[in-house]
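For clarity, chains are labelled A, B, C and D in written order, and residue numbers in each chain start from 1.
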Amino acid sequence: MGEKHTYMPTEKDLSYTFGGRMPLAHLRSGDVLSTYTEDCFGGAVTTVDDLPSKVCTFPYLNPVTGPFFVEDTEPGDTLAVHFLSIVPARTVGVSSTFPHFGALTSTSHTATLQPPLEERVWLYDIDVEAGVVRYRARNSDYTVDLPLDPMHGTVGVAPAGFEARSSITCDTYGGNMDTPELRAGTTLYLGVNVHGAMLGLGDGHARQGEGEASGVAVEVAMRTTIAVEVIKGAPTPWPRIETDDTIMSVGCARPLEDAFRISHHDLVGWTAELTGLDTLDAYQLVAQAGTAPVGNVCDPNYTMLAALPKRVLRGAATYGGVHERLRAIADVAPGTGAP
Amino acid sequence: MGEKHTYMPTEKDLSYTFGGRMPLAHLRSGDVLSTYTEDCFGGAVTTVDDLPSKVCTFPYLNPVTGPFFVEDTEPGDTLAVHFLSIVPARTVGVSSTFPHFGALTSTSHTATLQPPLEERVWLYDIDVEAGVVRYRARNSDYTVDLPLDPMHGTVGVAPAGFEARSSITCDTYGGNMDTPELRAGTTLYLGVNVHGAMLGLGDGHARQGEGEASGVAVEVAMRTTIAVEVIKGAPTPWPRIETDDTIMSVGCARPLEDAFRISHHDLVGWTAELTGLDTLDAYQLVAQAGTAPVGNVCDPNYTMLAALPKRVLRGAATYGGVHERLRAIADVAPGTGAP
Amino acid sequence: MGEKHTYMPTEKDLSYTFGGRMPLAHLRSGDVLSTYTEDCFGGAVTTVDDLPSKVCTFPYLNPVTGPFFVEDTEPGDTLAVHFLSIVPARTVGVSSTFPHFGALTSTSHTATLQPPLEERVWLYDIDVEAGVVRYRARNSDYTVDLPLDPMHGTVGVAPAGFEARSSITCDTYGGNMDTPELRAGTTLYLGVNVHGAMLGLGDGHARQGEGEASGVAVEVAMRTTIAVEVIKGAPTPWPRIETDDTIMSVGCARPLEDAFRISHHDLVGWTAELTGLDTLDAYQLVAQAGTAPVGNVCDPNYTMLAALPKRVLRGAATYGGVHERLRAIADVAPGTGAP
Amino acid sequence: MGEKHTYMPTEKDLSYTFGGRMPLAHLRSGDVLSTYTEDCFGGAVTTVDDLPSKVCTFPYLNPVTGPFFVEDTEPGDTLAVHFLSIVPARTVGVSSTFPHFGALTSTSHTATLQPPLEERVWLYDIDVEAGVVRYRARNSDYTVDLPLDPMHGTVGVAPAGFEARSSITCDTYGGNMDTPELRAGTTLYLGVNVHGAMLGLGDGHARQGEGEASGVAVEVAMRTTIAVEVIKGAPTPWPRIETDDTIMSVGCARPLEDAFRISHHDLVGWTAELTGLDTLDAYQLVAQAGTAPVGNVCDPNYTMLAALPKRVLRGAATYGGVHERLRAIADVAPGTGAP
């Protein structure tokens, strides 16, 4: 384990793009970073009367803490980002509908002549100790407790090709993937496109359903600790996620079947590489043993994952065993707040 | 429990459409039926040299056992089909690529000028006792055991509007949904479109990955026992599935996001009805507590499901408790072969 | 020219599917048929107060006159249908919005939680002599004359694989393609799937915009004269259209890019066959010289066409010159009412 | 007419993004600019052996001349760009296939396991005087002359939200729309997102088919003269195009039906505004009188247009008559090389 950093961002340290910004701080391979992320509304929604379309101003939505410059990263390398802990920084999470945004409404792109759905805000009580998020209906006294399952919707590096992309969208460089799979204990692999990688993260969710159907999860500021490692000379074309028992490839695209194709195409290639199977044999194995967790079906690019149990890889090591190495930090560094 | 029927189909009892056929036999609400289904290749693929495009002839693909006329069903009713047991009838399952069919190839509709992928057959050893399906690579000696998880890819009733639809596709009437969620212990709800419902089933899979990415699962003939119940005056617009702990709505469409939208739209409405929540409150609950299991991303219509834990419904009963009632048959009728 | 038939359908001669029906009459290759088609509402909308969702009953929508059995046609043949004349049979055409149907509204498949758009009917004065269709706004006194351009939205044969498909949709067998290119003077080529072909036609439009954005064109009953010819041993995988100066391939699918791909894929292959160019050279020629007329973006399957000026084919004859032969009937048989 | 500028870019004046760059020069409302644009390959493809994937290096593809700072433009204004003349600067145009790019191949996003199509280059003789582009097959002696129809594939301003976007894609700010409608004599309206607008243009095509099916048009450097005018306080949500007889709205999105929806949604709103019709009456008029020209079906975002003849607007003036005013410059300033 490298150096341990703590970076508490001020408002001017928040970024609304991946790419196009100067770094906040520098990290080295092996370092651990504890930081804070604001919620997607910039903390502006605190009561049910704070309608997001009124209290938020485009483009100041979905702020990202970063970018962080990671030393000795170049295009063609991979940055491994391991989530040691993700802990809600508030006891109330917020969700909402938002005009012409979400899966079950027409939108700016799936444009119809219908008026938007009613804009409505929901507040959720978050009990970190009990591991519970409490849903409360707005138009009745219906309540139900859901499992707390903290995650980051938005994690990425600077894109290639001199681009700067809004933190609302996602693509090969990561970004607003909005998959519930990005929880503590997982390692995210991102292909590096620019010197320094320029890592940023934000958009904490106390939990979200698969697809984020209403367009907004249970949004909350987070205290998060990550460890980073640089894998030299190993390109990663699309984001990948590893847990103790699963590998996953991430695809971001529209239509949704292209997100499925991208993620499965990447997983088939990765599986072939890890097992020595030829492409068709790997395709067959993934087709029978794989799952397809849905990320979001509401953002400018949708997200789907292709996942395979590591068990069927018969012991093959991904990226030289970096996940196991970073995972071990949680044990040796209890001060990181890791679960 | 009603009467117990056994129907072993001959070749001429196989159907290649939903709709447009005379019934094989009659059932009544509460009856139990034990029957047999051929695999999607009509049993013609038995060695790795039996390339499906050579040994099978369109349209004699994906045979369905049925239709079964269910007494006293009318348009506007719902047919509940509970799967008491689904047991592979052979010890070898088959899978394959198929020219221009599957998620990771161009197809007749996603048409490109590229030649098809190589057509290749895989054989799987099925061990029902051990609960294992053995994958064996074709171009190496790689093998791995996967969990046996038998299911039916194709279950449906006759469509509305005088249609007869190929057993390869799916729609509001069910059909080739190809979701791994249709296993023993579940109840499938299908809206009735014609007098007698005209139920058919087939396309057994020893297991399949989510998305059925290669276009073909681990195909095998099945010995299957179902119980049916008629729910009068309750329309079901799209197929629904219930397990002991989950309710699910099924959407069949292209592009894939429309399958997502259909299934979530139905689940939100169903949830509102079961809980008394208004539409937006139900939308919010589903968005945070729901999951989105993928069925197929290879057939003429893709399938996605929207799922909700029954726990969050706080005890609301679906369709008057029919799932629990049918589930209980497994206990009182061990002779049905239910698990 | 063969025999001349006249068939005026009664209400019971209307069909709501392609496939699954007994023929009304028999035709031979070379015969001319004069017939009548009802409008898509079955003639039930005659005032602005006749809301289609009230006065029409599913599935009695989009009636088709037919099927006609064409002697000596077998699967693998092509049926050429030449439109000698298409003349509105009424002086008033009707259009409307329809709940959750159309391109600029959510629909049963692009399902959202929004209520439908207002259902509204428009009446158009049709002046066949002047060649004019008069638009009249409902909520102001705005009127404007548009060119009369009569066409059939729905023309098809029985599908393959024992299917019967609703007259609302389209596919390889034709059906509700809803392209304005299907006007008098054109020849439609349809691949034959069953003995007798089983031709049907309906859904006359006094005119329609590309995309049929509101879901409904200027609908009107038609008096139509066609000539048919059978091309033995020439399969046609997707519908094709020929005019005096253009060849076109038709694709029917969702998402819309698949309709584009299908139509372009077919046109590239057809061009290669007609010119002797290899596939990539034909692809290049179509890519620079082709156009992509939009049919409908509202029906269960969308329609796009890929078109190429016959001039770039340097004199190659399609289907043995059948279009020119059928076109000539208009000159020798003025009694057909051809333009 | 304002000042007349000439700007001949050097290699370092070429831009590969919209946004994120300092301006090359300043223009004022009413000014005329004559400039030069390189072809999409940066001029690197000059023989059939210059395979683009070998001679070009990502991200140095599709260079844009610009950006030009337009004085006194602010977010919320519209920039009118009138094309006085677009003249090929070379006598040979180039086209090609490109690995996994184009409508009739799988791509990085519509990812399949198939190898790419053969990469092949075509050279076209361009005869400006004769108005002809000569296609020559590569694998036979087939040649055919096509009409010269020069246009710019890529014209745009800086995006909103601090973004910088690759010149390969298009969106609300314009960019690589690749529509053949952007020829001399037309006016393009772009909503301004940043102070100075930051206009850039490139990607000249001697001609292209609708859809740009092979992914590459007849690419050629251009000598182009434009006139710009600033329309204060008039926002334009998506690009619009005006000719002497037609207004058009542009939509850029995937899937293709969303590009259709966006463009039609915008055209319906624009029509309502110009005519005083209410939304549904405008929807009906566009649905019957409109056309839907296809731009590209190959780039990261597809492009479709919705078009309406100005005749049906009964004399309504768009943007205060700016098109007619700019169009007149061609007459008073023959030195501009306008047609």
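For this structure, a couple of remarks:
We adopt the following convention: a contact is a pair of C-beta atoms (placed from the backbone, for glycine too) under 8 Å apart; a residue touches a chain by one contact, two chains touch by 3 or more.
What you see is a predicted model; the values in this text were computed from it and never measured.
The rotation relating chain B to chain C, fitted on Cα atoms, amounts to 180°, rounded to the nearest 5.
Contact tally for A-D versus C-D: the pair with more C-beta pairs in contact is C-D. Each chain gets a centre from the mean of its Cα atoms; for chain A and chain D, those two points are 35 Å apart. The centroid of the Cα atoms in chain C and the matching centroid in chain D are 33 Å apart. Of all residues in chain B, those that touch two or more other chains are 104, 110-113, 117, 254-255, 261, 264-265, 268, 280, 283.
Of all residues in chain C, only 95, 97, 102-104, 117-118, 120, 122, 124, 133, 135, 137-140, 142, 144, 146, 207-218, 254-257, 260-261, 264-265, 268, 275-278, 280-281, 283-292, 294, 297, 302, 304, 306, 311-312, 314 touch chain D in the complex they form.
Against chain A, in their complex, chain C makes its touches with residues 104-106, 110-117, 255.
Looking at the complex, you find that chain C touches chain B at residues 16-17, 19-20, 58-59, 108-113, 160-166, 253-255, 258, 261-262, 264-266, 268, 279-280, 283.
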